[in-house]
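The structures considered in this document are given below.
What follows is subunit A paired twice: with subunit B in the first complex and subunit C in the second.
The block that comes next holds the complex of A and B.
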């Protein structure tokens, strides 16, 4: 499933969607950035509540398919524009990380 | 190791929000060179962890990436406080990062372990009060 398809089917809002055709191949949940870089796989949808600029760098380096901010968390100021500029798909979910992951589980 | 190309970066120790710029730039450069995505991922994550450490723990420093036929070498140098007990610092979960840094998602004590995990060799030279020099190597299988 592509990131654009996920947005349409999982009731997510796109704060930035510069690479909607990117294929999602797995899911990783975590807020500690070094854990994400150590464990998330390339192509994962990364679910987190971290909303600062460093998230954009980590998503770039870990090569995740998209970042999903769960629990209704909003990106910090300037982060959506940064994501757009860096080619990072940044999605927003009103649900918990767990419920967001369950939706992905049904769709993937 | 016959050197083909090298990149140099000054890592600013004052601006945490911009930390990681050198690593993101290296990722771009390596992509242009046509290296495999897995190699690029390993190099850029290892370098990012080192870069973040220089910003958080050492007030900035200097980074160099050397690309050769058989390997990529990442050299990080700072004039920070140094690491007193390297073996302890290497332990997963060990961190002296302050709470402000933790609230941003860093300081999990997994940076040095990640640097080891993603490279073929990691060498840390550090003197308390003088600084730290880290050399990492990722082999290219071609």
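The block that comes next holds the complex of A and C.
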């Protein structure tokens, strides 16, 4: 499933969607960025509650398909624009990380 | 990082890469503040570079040489209500007095403050990985004796024995373990 399809079908909001055709091949959940950096796989939808610039950098390094901010967390100032500029899909979910992951489980 | 000692390792590796002959690793615990300082006499950075090292996208280029260590350290320190600063003097402008000092303050009473972790393993790992450069490690704690190790002093006693020899590393580990008791 592509990131654009996920947005439409999982009740997510896109804060930045520069690469909606990107295919999602897995899911990773984590908030400790140094940990995520070495473990999230290329093509993962990464669910986190962290919302700063470093999230965009880790998403780039790990080559995730998208970042999903869970729990209704909003990106810090300037982060949505940064994501757009760096080609990172940044989605927002009002649900918990667990419930967001469950939705992905059903859809993927 | 899950432990502060891993940050120390990460930042100190930058110092070694910058060609430092001496890297000082200082930990100071006072009240609810833990101050971590990594100060080296390496090649340093110009003002423009210093301004950019905490920008995660400066360091994620394919030519990156410092990793995400500094942006993450800054984030982790700020998450506890602390801060991180980087001061540097580059070798071309300060040929006689150059190097970089990274100072991070963590608030230890904040729930997001990571544990210090295995400092002894960090120090021995650094010495083992870089036996030809010097490290000064000093950990000061409120109301306790400071723990200190200076590889320059070790070198004087050891003469030609390399610092990464098994016996020396064993001794360092034992010495630090005892100092912390």
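The definition used in the following text is that the second predicted complex is superposed on the first by the 108 of 108 C-alpha atoms of A that agree within 3 Å, B and C clash if a C-alpha of one lies under 4 Å from a C-alpha of the other, contacts with A are read in each partner's own complex, and residues count from 1 in each chain.
In the analysis below, a contact is a pair of C-beta atoms (placed from the backbone, for glycine too) under 8 Å apart; a residue touches a chain by one contact, two chains touch by 3 or more.
Since we're looking at a predicted model, the values are computed, not measured.
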Specify the outcome, clash or fit, for subunit B and subunit C once both structures are aligned onto subunit A. clash
Output check: A:54 vs subunit B and subunit C. Expected answer is one of first, second, both, neither. What do you get? both
Touched partner set for A:14, first subunit B, second subunit C, both or neither: neither
Return first, second, both or neither, reflecting whether A:92 touches subunit B, subunit C, both chains, or no partner chain. neither
Is A:31 touching anything from subunit B or subunit C once the two structures are fitted on A? First, second, both or neither. first
Applying the document's definition of touch, where does A:79 land relative to subunit B and subunit C: first, second, both, or neither? neither
Taking the superposition as given, does A:62 touch the first partner, subunit B, the second, subunit C, both, or neither? first
I want to verify the contact counts: of subunit B and subunit C, which reaches more residues of subunit A? B
In the superposed view, which residues of subunit A touch subunit B and also subunit C? 32-35, 37, 52-54, 57-58, 60-61, 86
Per the contact definition, I'd like the list of subunit A residues that touch subunit C in the complex. 32-35, 37, 52-54, 56-58, 60-61, 82, 86
Can you list the subunit A residues touching subunit B in their complex? 31-35, 37-38, 42, 50, 52-55, 57-58, 60-63, 86
Help me check something: in the complex, which residues belonging to subunit B touch subunit A? 17-21, 23-24, 27, 37-38, 41, 44-45, 48-49, 104-106, 108-111, 113-114, 117
Which residues of subunit C touch subunit A in the complex? 1-2, 6, 55-57, 59-60, 68, 71-72, 75
